[in-house]
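We just call them A, B and C in the order they show up, numbering each chain from 1.
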Amino acid sequence: MGLVWLTLDLAGTAVFAISGAAAGVKHRLDVFGVAVLAFVAGNAGGMIRDVLLGATPPAALSGWHHVTVSLVAALLTFVWHPRIERLRTPILLFDAAGLGLFAVSGTQKALAYGLDPLVAAILGMLSGIGGGVLRDLLVNEIPTVLRRGELYAVAAFAGAAVVVAGHWLQLPSSVPTMIGGAVLCFGLRLVSIRRGWSLPTAEDIEWPSQKQR
Amino acid sequence: MGLVWLTLDLAGTAVFAISGAAAGVKHRLDVFGVAVLAFVAGNAGGMIRDVLLGATPPAALSGWHHVTVSLVAALLTFVWHPRIERLRTPILLFDAAGLGLFAVSGTQKALAYGLDPLVAAILGMLSGIGGGVLRDLLVNEIPTVLRRGELYAVAAFAGAAVVVAGHWLQLPSSVPTMIGGAVLCFGLRLVSIRRGWSLPTAEDIEWPSQKQR
Amino acid sequence: MGLVWLTLDLAGTAVFAISGAAAGVKHRLDVFGVAVLAFVAGNAGGMIRDVLLGATPPAALSGWHHVTVSLVAALLTFVWHPRIERLRTPILLFDAAGLGLFAVSGTQKALAYGLDPLVAAILGMLSGIGGGVLRDLLVNEIPTVLRRGELYAVAAFAGAAVVVAGHWLQLPSSVPTMIGGAVLCFGLRLVSIRRGWSLPTAEDIEWPSQKQR
């Protein structure tokens, strides 16, 4: 189980790191800046979760694996960015998979640290979206995930909720709910992209007084 | 005492969360973004303080109360934002009260962790202003509290200083100085708003060489 | 050794704090905002490192020294900013020295906490550059260190790598490699400024398909 888990975790890190490196290339950062954005996008979500849990040093810093994977992803994106842009669809697929994976593993870790189920689901979601939030802040943009758009954080939260539900029901193993949560998150992401689902903004709420104008 | 304290703490969280949600609505974030800004504005100050103290998980994450209060405040603001804008004066009052409360409770906690009095007062102030700073960063603005304007952080620091002074004098109870500090912060805030007091910027300093031009 | 070390550390803090205060004056922050930027620029790198290591409260908060030095630097810069601007060259020199100092001491601390050498070098570099990154974020700019420019983070990483190499070789004392690393970082900084060395951006890579257009 441990090796399978590490492999999945590093695959998620790699995909998120590519998204960070691509943002760095787009904003004309130099190769160091691109590497920083890759590392942040790939690892900051889990690192913030671990700092909040008091699980220091964070998993991403307790070995050379995460750093190395992030740097390789950064270099490949830096050198081959015109080709990587053409890989949009596979990257969207891997990103959705990474999101589901990080959301369920983050939730599971928070539950293992004894956190309240609602808070655990939020920390799981944060594990999934935190890297992208910090990536956007570093290039001076309002985080994509906060703006109107496809379901992203909500998909992560839905996946996290499945893990929490399994914990609540005291199921003998967390593996099935983790797989189920990751698949739910992945599926919600893809359906929402294809159908253009999005969350409302406050302007979408009509008020009687506004109608009369 | 515990229940009174929790109630006050959650009331402060709610008011700050409303300020975060209102900022989210103003920047046209979707309902998830509005909820994130509410949670951040209501809780990030205390969370940063707790992480720096090593008091993990932070108080805001050690139960469902803070998350729930923040989400309710976010939803109410999201749905009723035109009405909430009309509540400007009561919100300013509650915000001043929340600031005083967070500043003195943050200072007290830092002193309880054995920090140097000067540092404890700074962490108390940070508990009061940190949520607003992160709220502004997330919507890509220079934090209000750093720009020229009313006395805000200074009011929080003054309240914190009262608690530190009581600690220094080894008073038998911290309750009177905490109440005094919160009241001082609250009063300073209101007077500075009413009289338009503000701190100087460097441009306000006249230099002889500049006068001659 | 302890006193020498504290003095050097506080000197580095002071120089970085001046850079933060100068950024605050430039963005027309009030005197409180200038003080915050000074404190952040002088101390945030080490504070982030310490939080990630679980070394709480961070060194910068475990006494009144760092806060006091930062505030004094802020006030001096606030009052004398036209004169401090004329001190550009000495400040660049001190900044390069501070960078080298923070990079090697940060690396050494991370190694002492048992981190992997590659990760320790990264945390050392982060100790050196983190304050400047947060300073730039607070005034709503893409961090200077990520954009094309002189070698800055790379100089810090090179200095950190020397300390890591000494650790790897199990040298009996870390003092020579720390001095060597700091000197290397300092020298690389100065040479790169003088010769205009910089890192490439992705646009610098020519692609055959782009040439044909």
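Keep this in mind: a residue touches a chain if its C-beta (ideal position, glycine included) is under 8 Å from a C-beta of that chain, and two chains touch if they have at least 3 such contacts.
Model, not experiment: these values are computed from the prediction.
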Labels of chains that are neighbours to subunit A and to subunit B: C
Same-site or different-site touching of subunit B by its copy subunit C, using the half cut: different
Centre-of-Cα separation between subunit C and subunit B, whole angstrom: 29
Multi-partner residues of subunit C (at least 2 other chains): 51, 54, 137, 140
List of subunit C residues in touch with subunit B within their complex: 24-25, 27-34, 36-37, 47, 51, 54, 56-58, 61-64, 67-68, 78-79, 81-82, 137-140
Complex contact set, residues of subunit A against subunit B: 51-54, 113, 115-116, 118-119, 122-123, 133, 137, 140-143, 145-149, 153-154, 198-203, 205, 207, 209-210
